[in-house]
Amino acid sequence: MKIIGLIITIVTGAFLVYAAADFPAWADPNSPASTYLSPYFIENSMKDTSVPNFVTSLLADYRGFDTMFETTVIFTAGLVCFILLRISGRKEPETSHYRHVLTGVTVTLKEGRKIPASEDFERIDDLWTPPDLIIKTGCRLMIPFIQLFGLYVIAHGHSSPGGGFQGGVILGASIILLAISHDLRTALERMREKVVAILCPVGVAIYAGTGTLCLLLGVNFLDYSALASVLHVDPIAARSHGIFMVEIGVGIAVMTTMIWIYNNISSAGKYNQGL
Amino acid sequence: MSQQYPALLVIVPLLSAFAISIAGWVNKRLCFPIIVTALSVVVYASIGLLLTVLEKGVVIYHLGGWPPPVGIAYYVDHLNGLVLVVVASVALLNVIAAKKSIEQEFPDKAGPFYTLYILMVTGLLGIVVTGDAFNLYVLLEIAALTGYGLLAMGEERAPLSTLNYLYMGTIGACFYLLGVGYLYIVTGSLNMVDIARLLPPLYQSRAVLAAFIICMVGVWLKMAFFPLHAWLPNAYTHATSAASSLIAPLVTKVMVYVMIRLILTIFTPEFVFATLALKNVVVWLAVIAIVMGAILALAERNLKRMLTFIIVAEVGYMVGGAWLGNRAGMTGAILHIANDALMTLCVFLVVGNIVYKVKGYAFENLQGLFRKMPFTMGAFVVGAMSIIGVPPTCGFFSKWYLILGALQAGHYGFMAALIFSSLVSVVLFFRIFEICYYEPFSDHHGHDHPPEPMDEAPLTMVVPLLIVAVILILVGLYTVDIVNHIIKFAIPEGLV
Amino acid sequence: METITSIKPLLAVLVSLLVTPMLVSSRNPNVREGWTFLAAFIKLAIVASMVPAILQGTEIVYTVAEVFPGVAIKFKVDAFGMLFALVSSTLWIVTTIYSIGYMRGLNEHSQTRYFCFFAIALSATIGVAFSANLLTLYLFYEMLSFATYPLVAHHQDQEARSSGRKYLLYIVGASIGLVLPAMMICYNLTGTLEFSKQGIFTGTEPHATMLVLLLMLVLGFAKAGIMPFHSWLPAAMVAPTPVSALLHAVAVVKVGAFSVLRVLTGVFGIDLLASLNLGTVICYIAAFTVITASLIALSQDGLKRRLAFSTIGQLSYIVLGVALLSPKGVIGGMTHIAMHAFGKITLFFCAGAIFVATGKKNISEMVGIGRRMPVTMVAFFIGSLSVIGLPPTGGFFSKWYLVQGTLQADQWPMLVVLLSSSLLNAAYFFPIVYKAFFCTQEEAMFEDRIEEAPLWCVVPLVITAAGSIALFFYPTLFLKLAELATR
Amino acid sequence: MNMAELIPALIAKYNYWIYITLMMIGLYAMIAKNNLVKKIVGMNIFQTAIILYYVSIGVKKGATIPISAGGHGAAHEAVHAADYLNPLPHVLMLTAIVVGVATLGVALALCLRIYNRYNTLEEDEILAQIRKK
């Protein structure tokens, strides 16, 4: 196998090197890629969409259709992880352990009995390790700021690096951080599985819905300029707003998907205390 | 509304996918009606689109109102108009037929399953309808990811074989992406028609040659063209019948479509057949693919797995036909996309019914099925005849054009391979008929037959199957119309 | 000659196809047989109703659908097709009567399946008879191959299945492996597949190509049993006797011969073959088959196997007659389809009747059977006369014309072949009859009392025997059709 | 050509050499490695190489990040294409990155399933187990 791999690799590599001979040199301002289409985007982005960040305008407007499916890919990934891993309708184990938070005494209950949810007791599993107080507290402090920053990144995508994907990932990371620093159950209390699973399609649906709204308003799919009539602004500003709407959708979808994938993979679909 | 058909084709299933996935958490019983309505709308739109194309010629749809090459455009001509109808109708028929087995195999995850199902259909439709090289890659990945999900939900070996499929599929998609990157670096454009306009001066450039070859290898990986087919049999065999009967007919065919689109639209036939000296090499590869597929199928003692190897051989048919480099061969390849999709659907639906009733698809499970499930087996006979290539089933007619192309190209090896594979399929299928018909047989005149009671699959599974069987014959009888009114215009004048 | 468009040919094909659902659904055997008879009679009626028109020299045409530019699934009834259709649809009725007797006499299993595929096979046969071009012919030819497979393998035991496989291997293998490519090449060369008197070729094609095509097409229709593609026929004799009777003495093998004749007269055309001097090639292949088959037949002890080899020989007569390329020879070949059909089916019926009545299959066990089953053996005698070609049976006429054909084409070697093979025929038939009647008491294997097979079996073989004699006195219909076909 | 020309030619296109090397490393890992997760790692290297290739297309000498310097207020003043990087590859690669993440997630989920079933991620051991049955 190794030999075959080596041969294939060398042959392919040699072929690619051979092909690279005709490529323009690195950072050549006159390469076709830099002279054919990109000038149009750079020069007209402001005029067409009044979005200073060309990447954003290109991402969400000129090639907004790609981006919609990109978001769908994310959603698909979350769904596949769920459908592959989630163990549904699984009954509780016979013995369950609860830990008294203040004293640290662990109670073990048989025949699947439960302790009514209270502040003093936390449910733990066999592979429970004592959590580090510093990490817990530190993360608790950081998480709100992380989320705030995530919102900023989404909102400010128009005129600075950022946008729905980046902001969404940051938001998702905040919840995942909670799950890592405490345990999955704590995170799930903040954000239930059902909420995640419904918000995720909703996020993408916001994107597609915006496009469909334009379609219903009588122009082509994703042609935000039609929103002008709804938002009572000029078509160019309408495009900018349309881009913002879809960015929000992207943000929601990406955040929830990140959480969804983490929940399923970290607990192998059992949704116990996780890592 | 009619000018929005291209958008509807993709939007309706996409939105309904979200609706289904939400409904899966709220009320499971809604999922099936939603998916059926959505797919019916898609079928309607695709047929409407095809009629518009037949009437007015090529339909171009600017997404986001941006004219190409700035924005992404949908580009529908006779070629993908035809493929769209096939994809949509196959998806609709299959979901109706698969309902029971889906409920039987995973009662609690039906919602997510339907979501993946319709997302996959969205991806395939998008691949077919799009006119933008990069957009095609994104949809390729959607179809691939949903496919992994659907295939992996099968037997216990499914995850492993799916993981192998994932490796191969990713390499394939990445190769395609790289090829598009090569085109972009030399032309600066991503729109297929625009690239085709910019390429001719660059035909001698190594980069274009590399772009073409890399794209081809990528697409061949995805369509399981012979040396690169290793992932397909396991992945399809271990999947659930609902998934395999969607993926087996469509994915490979759509990839063949992509290949033909690459040859005809992006790199024009002049470049592919005239400038490059690869024509005969590829046809000989196809010959090997056909022969090996047939032989490997002979070695199988398990119906579903045997069929997967037949798919490998059929891919050889289409690649070879497309690369013969003449009109008849290309016609045969395009016609075979439609026919093969239908006949593969037919036989895989049969497998679905058998699995539903008998819980197995090894040869020994098939004994006495002709008495047990007469209608299913009747449809199976039609499908088998079509694969063998017996008139008036449609399989014969595409094979006719392929052989004609081989004759006109003077490529007798390909012709011989086609004949050979037909003969092998006769053996394959009559071996199965014998088992289904005569076993369990007894040695003196089989008088003491235990008369099994008839135990046919539920109506919702049998009726779509019979519809497919009828379509197989109707398509055969109307071949000349399909060829004269659709495929004739799908092939550029330059190709004689 | 003028042509009229009518749906009759299609109906004639469909009627026995459409009856199959009734056969499947009918629970009571009598109802089932009722349906079969109904279909058989309707079919005969439709076919017969077209005879007058044909005799006036018109052709009846019906196009189902055009499937390729220039090629359609199309029916055309001409004299030759009518001749064949008439024979097979008449004999279907007789055989149905016989089948009922035979199948019930042995209380065979899964009779419904048997009758269904029988009906399908018949529609395929008529379809071949009426097809207007090579594609349609190929379509029904394949249909017949697949429809008869379950009949051949009816007994479902190991032997039946293996010979069923052999049958498929030869028939389908040859048709897909040889006929299909040959057909494609013809289409690629000429752009059409329609049968026509002067053939579809311009005559400018290279001689080698034509020879290869001719061989592919003639050998490809393996149902004609021309050597070396003959050995499926003896193997297929494991089938129930009515199947052997109708399918392997009439429908299947004659379809093969018919297709070969169509190829010779319709695809290549007599004149072209004559000008390219290709007829003699076929002549010699056929002659070889005739002699060899007759010699093998001599050595067979199983009655049905002997009949099978005799069939192989007789089929090659038909091909030989046409390959002589002389008018009389062609007439002889075509009429021989009809004459041999009546004679040979009688013989098979007798074989089946003997099996039903006594369970005997081998000739060596039939000494003195004439005393046990006089009617059957007399019929057998008449049948063998017809096959040998002696008056007062129809077989005489076809032989007569064949001989005249050889003279017309002054092919002396062929004349020798014909005469010597007739002697061989006599040599392998008469001993059976002789032993059946004239043997000493101690030789006789049956005690001396008359015990025939059930009436359902006896009546048909009497009818067909009478038929072969009647054809001696009233052969005009078939002769006239053959003449029309050659004109 | 001689060294004097070859060296600059090589240097001028170093981005391609880098991406090809990375890509081949990934490809080799996917083919030759026995451990399923290592294959996945190889897959990611493979994808990343392509991403690098695309992004390197977008680079232009003397150009800055593709965000209008003037910000929102600068709608009126003209924008010169030469001043900014080519934004298109960045957009495309955003998509490719997302696809890569999605594929990674699915692949890991599959690995988990496989591990729960066979208690190993070494391909040969898994195949051995399958063959045993």
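For clarity, chains are labelled A, B, C and D in written order, and residue numbers in each chain start from 1.
Criterion: a residue touches a chain if its C-beta (ideal position, glycine included) is under 8 Å from a C-beta of that chain, and two chains touch if they have at least 3 such contacts.
Given the structure is predicted, the values throughout are model-derived calculations rather than measurements.
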Per Cα centroids, the chain farthest from subunit C: A
Innermost chain, where centres are averages of C-alpha coordinates: B
Of B-C and A-B, pair with higher C-beta contact tally: A-B
Mean-CA-position distance for subunit D and subunit C (Å): 71
Length of the line joining the C-alpha centres of subunit A and subunit B, rounded to whole Å: 32
Inter-centroid spacing, subunit C versus subunit B (mean Cα positions, whole Å): 44
Chain centre separation in whole Å, for subunit C relative to subunit A (CA means): 75
Set of subunit B residues in contact with two or more other chains: 134, 138, 141, 145, 148-149, 152, 159, 184-185, 190
Subunit C residues counted as touching two or more neighbouring chains: none
Sites on subunit A at which at least two other chains make contact: 16, 20, 23, 31, 33-34, 37-38, 41, 63, 66, 70, 73, 76-77, 80, 84
Those chain pairs that satisfy the touch definition: A-B, A-D, B-C, B-D
Subunit A partner contacts - residues on subunit D that touch it in the complex: 12-17, 20-21, 23-24, 27-28, 31-32, 34, 56-63, 65-68, 70-72, 74-75, 78-82, 84, 86-92, 94-95, 98-99, 101-103, 105-106, 108-110, 112-113, 116
Contacting residues of subunit A [partner subunit B, same complex]: 15-16, 18-24, 31-38, 40-41, 61-66, 68-70, 72-73, 75-77, 79-80, 82-84, 88-89, 194, 197-198, 200-202, 204-205, 208-209, 211-212, 215, 219-225
Residue ranges of subunit B touching subunit C (in the complex, touch as defined): 385, 389-392, 397, 400, 403-404, 407-408, 415, 419, 422-423, 426, 430, 434, 437-438, 441-447, 449, 476-480, 484
Complex interface listing, subunit D residues touching subunit B: 27, 30, 36, 39, 43, 46-47, 50, 53-54, 57, 88-89, 92, 95-96, 99, 102-103, 106-107, 110-111, 113-114, 117, 126, 130
Touching residues (chain side subunit B, partner subunit A) in the complex: 4, 7, 11, 14-15, 17-18, 21-22, 25, 61-66, 69-72, 108-109, 112-113, 115-116, 119, 122, 126, 134-135, 138-139, 141-142, 145-146, 148-149, 152-153, 159, 182, 184-190, 205-207, 209-211, 213
